[in-house]
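Take a look at the structures listed below.
Consider the two complexes below, in which subunit A is the common component and subunit B and subunit C are the respective partners.
Moving on, here comes the complex of A and B:
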């Protein structure tokens, strides 16, 4: 399911930078050899493609919070999502949220 | 960062707060997950971020041997878990009474902790606590032995090697190590029975939540009859896995409990899916699900959620890639 909004983001240099940061953190969190060469895109699913364990997503959120500080409210982002909704997200949804939050805090 | 050394053990801790930080009088919530096939992520996702967003300071941690906390060889008695919790609160500089929320064995631990440390505890929320006066330790040990037996089953091994997927395999392997490489099973036998007198005397508010379709629902009545300060909530259509099944309602219920207890208690209504949860027979009998590998053999991926129940009595589990439809 490619939403036009997410596809468009790929051309945005700011989005690309965020995607790169998220992908780097993801590879660190998973910490296994197979992810080193794995292409992580906005369409990559945490569950289906990466088979991320829920506690690994916790670590990812922790690292993202350390990276972006108070400019991105991850607590708010996750507050009404059940674990299945979180883990079934695509990387693009997290990138999009970070991007929107950063733009709002800059504005 | 996300690690604290407490009682000589390295514990993985996640702290959540609203944007700008929690106020000086904000409730401090500490979550205690279930045993063996569980870790802090179940509370983190089910209610942690929600309660933090509503203004609470939330501390979610992995019990020793679980999640990303250190797997020590020994020290798995209930009293060790209680000492770990006290030491962690000290290490974090928590100097006010906390609202403890536990699930399954974690809830049993919360109740024991609250009775032993009334000055440190503002309230206790018990989600599906195994509760009995006589033979609690034997029950816990027997429950663990069954889980251990189930996890060493040949069908489970086949499933892990061929069909379970990375996330479920990781949490199951971790559970196997905890059961095989530590004293946890023997330590459970040392669980001291609850004192009926202490239960009757406690003035700490208790919120107990059970699923009407849980296999331990019969324990709810005795708990309520012994604890005068107990508010009992029984959710129809739900099982021992209620934290995962009814997370949305539990978020409402906990916001009411922490912030707005003078208001009427939120009423549970069935979600739009009208999904009803029942405890599968294999959970009651504590054996591996009969169709563990059949689903995969028939259609790739099917049956992968079966891992939820292997540790059903000891704890509830939230392997990331599983669905919420047991049975």
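Moving on, here comes the complex of A and C:
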């Protein structure tokens, strides 16, 4: 199910760094020992793998704002998603969105 | 005297509050009946509350299959499953039989569980007084939060449901009666405290319970704090790992704690000597004696505990439970742990923290106890329903 876009990301050092940051934030939001050992990749799914609840998305949005500032509008990003897109959402999409948002604001 | 018809879905957690309020109305001399599926709801009704059995009781195999599929799901996927595969089909199946029950019983007021949308549709279509009974406050506590698309999806399902039965969409969707919405909680637990006048927060709607005879009260050591560990009936069968960890956690605290775990026989392997495992417990009486509760954050257990000033360790599994768990944490009346992963050591630490007599969790729970007392419980619910009749 890997889309070409996501595969490309894996070789980009800037995106690697974003993935690392997002993974760290997710571990903080979930806040339990088991996620310390969990490998979070671009293919990790929010619903099935991380079992993130709607209230935890709120916390994640706060952490992303604290990390990237208003350049990254994660709440706006989520508000566009329909129910199936939320259920199927993967970490790679968020990394991609952050990367695009940061690039747009730099340019 | 008036006539009240309660309509309850075949979900255990939704039955007890309806029974509590219905029982209060019976005690006041009203004519009350409960329309529900006999196999699930029948055993939970007191003998003096007549059941109008709804047809279409699911065969056991089919219900097991729905439960099995539901168990595997979490988060928004579980919510989608609940509405699409359970509540909407249930609503469709209920419309005709509930309409017939209203013809037969001729209630002055229909009291409709928030998830029994078929009965809400009947109330709205007939233009009769009907009240929503929300056995959990989750729907009023911004449950979809930043996932607006999920909230819209649910609301669209309700509009489609009204449309498909040719009933005009009302001011609110079928989860909220415009006449009266009774909420089994207190406003202080919610994010927002401003609500319309026809929303009545009645606190814990505890009433009659299936008797739990022969509870070995003498086995409880008055020198140790008691913890009640209960995952409710729905999750009991998937809670083996968690309850085993909880039993071991209690074992780690044996010098000062004893635990009563609600579980079927044999589920917990070699429970420590300070752990009492019982299939049924007299929960309300036990709550007068315990220092803390470990729960899946089912709204009934949470509200009943807080109404007795008892703090909680909450391990939400699905549905509204993460929202209710968040309410407990936000109110400072307990700690959250992960249902799927909590270790005995993590559970022991959380139990120890809520039991601390000088701790903030207990103080917060005691403050909430006063709010619950003010809310009035089943008496307040009955008052509001009488005004509607």
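By definition in this document, the second predicted complex is superposed on the first by the 103 of 107 C-alpha atoms of A that agree within 3 Å, B and C clash if a C-alpha of one lies under 4 Å from a C-alpha of the other, contacts with A are read in each partner's own complex, and residues count from 1 in each chain.
Basically, a contact is a pair of C-beta atoms (placed from the backbone, for glycine too) under 8 Å apart; a residue touches a chain by one contact, two chains touch by 3 or more.
Since the structure is predicted, the reported quantities are computational estimates derived from the model, not experimental observations.
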Checklist entry - Touching A:83, do we find subunit B (first), subunit C (second), both, or neither? => result both
Next on the checklist: Applying the document's definition of touch, where does A:54 land relative to subunit B and subunit C: first, second, both, or neither?
Outcome noted: both
Next on the checklist: For A:75 in the superposed arrangement: first (subunit B), second (subunit C), both or neither?
Outcome noted: both
Checklist entry - In the superposed arrangement, which partner chain does A:100 touch: subunit B (first), subunit C (second), both, or neither? => result neither
Next on the checklist: I'd like to know which partner A:24 touches here: subunit B for first, subunit C for second, both or neither.
Outcome noted: neither
Checklist entry - Taking the two structures together, which residues of subunit A meet both subunit B and subunit C? => result 46-48, 51-58, 74-75, 78-84, 86-87
Checklist outcome for this item: So, in the complex, the side of subunit A touching subunit C is made of residues 30, 32-34, 46-48, 51-58, 61, 74-75, 78-87
Next on the checklist: For a test of understanding, state which residues of subunit A touch subunit B in their complex under the given definition.
Outcome noted: 46-48, 51-59, 62, 70, 73-84, 86-87
Checklist entry - Any idea which subunit C residues touch subunit A in the complex? => result 74-77, 80, 143-150, 152-153, 316, 322-323, 326, 337-338, 340-343, 346
Checklist entry - subunit A touches which residues of subunit B in the complex? => result 2, 14, 16-20, 39-42, 44-46, 49-50, 52-54, 62, 67-68, 165-167, 170-171, 244, 247-248, 251, 318-324
